[in-house]
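Consider the two complexes below, in which chain A is the common component and chain B and chain C are the respective partners.
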Partner chain A sequence: MTVILNQSFTGISIGAVLLLIALGLTLTFGQMGVINMAHGEFIMAGAYTTYVLQKSISSAGVSLLVALPVAFVVAGAMGALLEWLLIRRLYTRPLDTLLVTWGVSLMLQQLARDIFGAPNVQTHAPDLLTGNISPGGGITLANSRLFILGLALLCVLALTLILRLTPLGRRIRAVVQNRDLAEVSGIATGQVDRMTFFIGSGLAGVAGVGLTLVGPIGPTMGTNYIVDAFLVVVVGGIGQLKGSVITAFALGVLQSVLEYSTTVSVAKVIVLVAIVAFLQWRPQGLYTLRTRSLA
Partner chain B sequence: MTTTTPTAVTPASVPLSERLRAPMGFALGAVLLFGVAPLVLSDFRLSLLAKYLCYAIVAVGVSLAWGRGGLMVLGQGVFFGLGGYAMAMHLKLADAAANGEKLPDFMQLYGTGDALPWWWKPFADPAFALAMTVLLPMAVAALLGFLVFRRRVKGAYFAILSQALAAALSIWLIGQQATTGGTNGLTDIQGFFGYSLDDPVNQRTVYFIIAAVLLLLMAGARQLFVSRYGELLIAVRDSEERVRFLGYDPANVKIVAYVIAAGMAGLAGALFVPAVGIISPALIGIVPSIGFVIGAAVGGRASLVGAVLGAIAVAWAQSTLSDAFPAAWTYLQGLLFVVAVGFLPGGLASLGALSRRRTRNRTTGETA
Partner chain C sequence: MSGLSISRRGLLAGISAVGASAALSACGAKTGSDTSSDSAAKADTSGSTVKVGLLNSLSGTMAISEVTVHNALLLAIKEINAAGGVLGKKLKAVSQDGASDWPTFAEKAEALIKDDKVAATFGCWTSASRKAVKPVFERYKSPLFYPVQYEGLEQSPYIFYIGATTNQQIVPALDYLKKQGLTKLYLVGSDYVFPRTANKIIKAYAKAKGMTVVGEDYAPLGSTEFGTIVNKVKDSGADAVFNTLNGDSNVAFFKEYKSSGLTAKSMPVLSVSIAEEEVKSIGTQYLEGQLTAWNYYETTPGAANEKFVAAYQAEYGKDKPTSDPMEAAYISVYLWKAMVEKAGSFDVTKVKAASDGITFDAPEGKVTVDGATQHVHKTARIGKVGADGLITEVWNSGGPIKPDPYLKGYDWASGLS
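Showing the complex of A and B:
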């Protein structure tokens, strides 16, 4: 029983990481159908931001808290810049954005290598987050993983509130649902796109801050997560927050249970097979926007 | 999906010079590959060229599936790997048998017992192994294509799934070290159907085989492009709904293109093994899989010759520049991608057509 509980907690924490990364993606993917491969590098930017801040702020706890908004703005600005420079020109060719942003991600990785060096760097976790909580029954929960879980849920909440309650959120939803109709209703879709990219990429930066607690910080760290995060978006349904939340946790738990009963590599393969099987049942993902389009 | 490219139909009204262009190009390619290259290149450079030509073979399939069919095939590494591993497994077994041993060297090293894994056994048979290099990738592609295209899974979904497949295969291969060689892959392959690969003469023969396969596949692909099926493939790319309303099943059209491209990638992988002497997960994961698409994109995805030349040029630039200036090459590679795909979707092959159109417009006084 303890094993099962501990293993599901591992799964939930894997899910939380996936969710943090997929949140931003589902937003940018849903908005323009753009596949942003540089999203992983925005995560990296967030992680390096934490690293740099920790060098100037001695208290690990303070620097982590400062890093959250700073990383959001840094990564968000990079995303908005990318949208302005490249992605808006590719609006009619969404598939090509995958390759273009992959080129960008190559350059950003090399930039990180030139600035910070190729080897991974490390940050110090605040004392509060290094220990474990044992609620009894042999269960141990790592504080850092609880923090990430909290961070992910907080991001979901914030994003939901923005999308539901603010005028910007209404505009974003309008553009996702029907771009042309939004355009003729007087919404400046170009501006909305840029703001969407700012928020989506900013969330990647926040994810990067969270990841410094559980893994190394290096130029290729984004690549490790990006494909898994895309799978979350695909299974959840493009542009559907609800779908991403459910899928991230489901895939996280599935992955960790399979890893326990088989090996890491076999688990990956089985998860992929499960996803393809799932798409037989729901080709458009868990949740879909009702549209009148044929495809 | 609105990239329009001039289709390569040749009705009888087309002037003779236009109709002769393809056979002439084919002859020129044959002269360059079989006459000029072996004469002017050293043995070392010729074997490098053999490696690039393997990438070019993958590019023929990419041009078919992506350029003509609009299917973004980001997982060609999977098929390249399946073909490569099928060939390498046979060659490893043959090497072991030649040395009077029952197991390939790496299996003895990792000490996994003295029995050959059951799924290795059939590959001792050369005919089976050769057939598998093409049939295995095609079968996997057919299965995935059937599952994905039948359910009308959208373009972006397909790209991501095919990419995830590449990641999964390379992770799985790394995980099964005892039976697949793990991260190292299958290395140190010495013989090729009884001929020693250390002998430069045999290396040359391998080069000639690869060059011949490339030319044959290009000729075959061109025939396919101008056929009724080729027309249908472009129609599916540009307007899938209309094709469906006309009574065709776009899923079948896509599956065929995907399966053929997979077979070509498998064959390329199989030929890569004797040319380079190694196959490993690092050659087939996400990054190399995207690499297979880069060359075709830069050269011109919809133009067969453009895709092939692009693949060769990018592979050449990669191995020349990445050794001398690794950092600069990464920036250049990224930039090449951004510029080629973002601003020149037809690739370098479309530059000629663009400038021709511009001069024609200038002479007739039209604006572009």
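Showing the complex of A and C:
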């Protein structure tokens, strides 16, 4: 029983990391159809932001809390810049966005290497987050994992509220459903695109802050996660927040259960096979968006 | 948006194509197909200087470790030149960047031998890079001095192995754990040559000596997800963890280890790839009290080490730690110098013939070259990570251990190769 509970928690925490990373992609890929391979580098930007802030703010706890909004803005601004410079010229050619942003991601990695050096760096977690909670029965819940879980849920909540309740959210949804109709209705679709990209990339930055609690910060850290994040979005159903949430946690739990009973590599293979099989059965993913788009 | 009409399969194919191309570029093409040049490369020793090659990753994922080795090599060359050089000739270092990419290592090794006509080359870190350059050095009959502990079970006539082989690091580490009564082991390693081979040896040892291996797990190189592995370790009832993880994975592993409530007291981890430099970057708070197995620590007592540490820090900064692979790199240049001087020539055949019994008063203590295996007699040391990030010795083998790369001296290892 203890094993099952501990493993479930590990699975949920893997799911939380996946969700945090996939959340921004749900917007930029799901809603806008841009295959942004540089999404991983926005995660990296968020992580390095945490590192830089920690150098100037001595208290690890304070610097982590400051890092969350700052990383959101830094990564968001990078995303908006990328959108303005390159992506807005490619909205009708989604596969080209893959190549262009792949190039951008390599450039950003090299840039990080030039600025911060090739070796990976570390941040110090606040003391509060290095321990764990033991509710008894041999169950341990790592505080850092609980923090990431909370962070992921908070981001989902915030994103849902923005999309449902704000004028910007309504405009985003309108553009996604039918760009041309939105445009003739007086919505500045270009601006909406940039804001969507800002939020999506900013969420990657927040994910980066969370990841500093788990592992090292390095120029290639984003590439470790980018494929998994795309899998979550595709399996969840493109543009579907609900689908991404369910898929992230399902994949996390599946991965950790399989890892426990087999090995890390075998688990990875089984998960990928399961995803391929799932997409044969439901190519559109878990949920689909009904759009009024003509295509 | 009409652009959204791409299929998911198309997307996945695109992503996997990008991933595959990255993987392919990592494998690279086989280099050095020039098999016609089977004659020995002649080192150019005609002038007043002699070139020596330094082959390290100065960029890429291994740079964090290999740059320190490169620094230590440069220090040794500088000292030797200041003391008059080798056979009256000054050494000139030619640095090549292996860029953490094995085919590049082979390419650069060939360039050093053929174009620069170096008398000897010093460097490489990962077993993969060593395996990549081995045929090049053998083809041109040029010597390589390799400074890092490795998995053993290898011998090349043109490689001098200055780091520990398994009977000078892993076997003593197992002996130590056994003596402490820590007989139930969990093996955690990165998924490549060194950990897999090391764990094969550990399992053979355990079987013969009444220890049990209660679990064995490998994570992909660079993996940062250790939740499940740590849960498995925790549930396994092991006494200790034998850690052969390499590089950054250690950061994620030790963070997870600590936050799951495991400690050096409740279940110690013995690592064979974490030295002073890595301790510093992982964070002392995660490693305090954990064990490592090496032949040298910055804190190893002795005048030779005090001199080495002082010289290194004077050259590269007060806060720079020294480590085992650095020390092995440093002494490798001195050992080569002693061989050349004994031979009275830079000629490879003569240098090799002169190598047996060469000794050097190294920072780690006296080391002696074993001419038959081209390995070095070294003292094994177990150390404990302290709160200051330095490692202090808790046990040593009492004297240098004869190298035995194929573990011929151990009955339990008879089936391994």
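Everything below uses one rule, namely that the second predicted complex is superposed on the first by the 290 of 295 C-alpha atoms of A that agree within 3 Å, B and C clash if a C-alpha of one lies under 4 Å from a C-alpha of the other, contacts with A are read in each partner's own complex, and residues count from 1 in each chain.
The rule we apply is simple: a residue touches a chain if its C-beta (ideal position, glycine included) is under 8 Å from a C-beta of that chain, and two chains touch if they have at least 3 such contacts.
A quick note: this is a predicted structure, and the numbers were derived from the prediction, not measured.
Enquirer: Per the overlay, which chain contacts more chain A residues, chain B or chain C?
Expert: C
Enquirer: Regarding the shared-chain residue A:P283, is it in contact with chain B (first), chain C (second), both, or neither?
Expert: After superposing on A, A:P283 lies in contact with both chain B and chain C.
Enquirer: Touching A:R89 in the superposition: chain B (first), chain C (second), both, neither?
Expert: First partner only.
Enquirer: Who does A:P216 touch here: chain B (first), chain C (second), both, or neither?
Expert: second
Enquirer: Given the touch rule stated above, what does A:L98 touch, chain B (first), chain C (second), both, or neither?
Expert: Both: A:L98 reaches chain B and chain C.
Enquirer: Report for A:V227: first if it touches chain B alone, second if chain C alone, otherwise both or neither.
Expert: Both partners, chain B and chain C.
Enquirer: According to the stated criteria, A:Q110 is in contact with first (chain B), second (chain C), both, or neither; which is it?
Expert: It touches chain B, and chain C stays clear.
Enquirer: For A:V269, decide between first (touching chain B), second (touching chain C), both and neither.
Expert: Touch status of A:V269: first partner only.
Enquirer: Check whether A:G61 is in contact with chain B, with chain C, with both or with neither, and answer first, second, both or neither.
Expert: Neither partner.
Enquirer: Should A:G190 be classified as contacting the first partner (chain B), the second (chain C), both, or neither?
Expert: neither
Enquirer: Which residues of chain A are in contact with chain B in one complex and with chain C in the other?
Expert: In chain A, positions 33, 35, 92-95, 98, 102, 113, 223, 227, 230, 234, 238, 263-265, 279, 283-284, 294-295 sit in both the chain B and chain C interfaces.
Enquirer: Can you name the residues of chain A that touch chain B in the complex?
Expert: Listed in rising order, the residues are 29, 33, 35, 86, 89-90, 92-96, 98-100, 102-107, 109-110, 113-114, 223, 227, 230-231, 234, 238, 263-266, 268-269, 272, 275-276, 279-280, 283-284, 294-295.
Enquirer: Using the touch rule from the top, collect the residues of chain A that touch chain C in their complex.
Expert: Residues 2-3, 6-7, 10, 13-14, 17, 32-33, 35, 37, 91-95, 98, 102, 113, 118-122, 124-125, 130-132, 134, 140, 142-145, 175-176, 179, 211, 213-216, 218, 220-221, 223-224, 227, 230, 234, 238, 255-256, 259-260, 263-265, 279, 283-285, 291, 293-295 of chain A touch chain C in their complex.
Enquirer: Under the touch definition given earlier, write down the residues of chain C that touch chain A in their complex.
Expert: 1-12, 14-15, 18-19, 22, 59-61, 63-64, 191, 217-220, 222-225, 227-229, 231-232, 234-235, 248, 251-252, 255-256, 258-261, 281-283, 285
Enquirer: Would you pull the chain B residues touching chain A in the complex into a rising list?
Expert: Answer in residue numbers: 1-3, 70, 72, 74, 144, 147-148, 151-157, 159-161, 163-165, 167-169, 171-172, 174-176, 240-241, 286-287, 290, 293-294, 297, 327, 330-331, 333-338, 341-343, 345.
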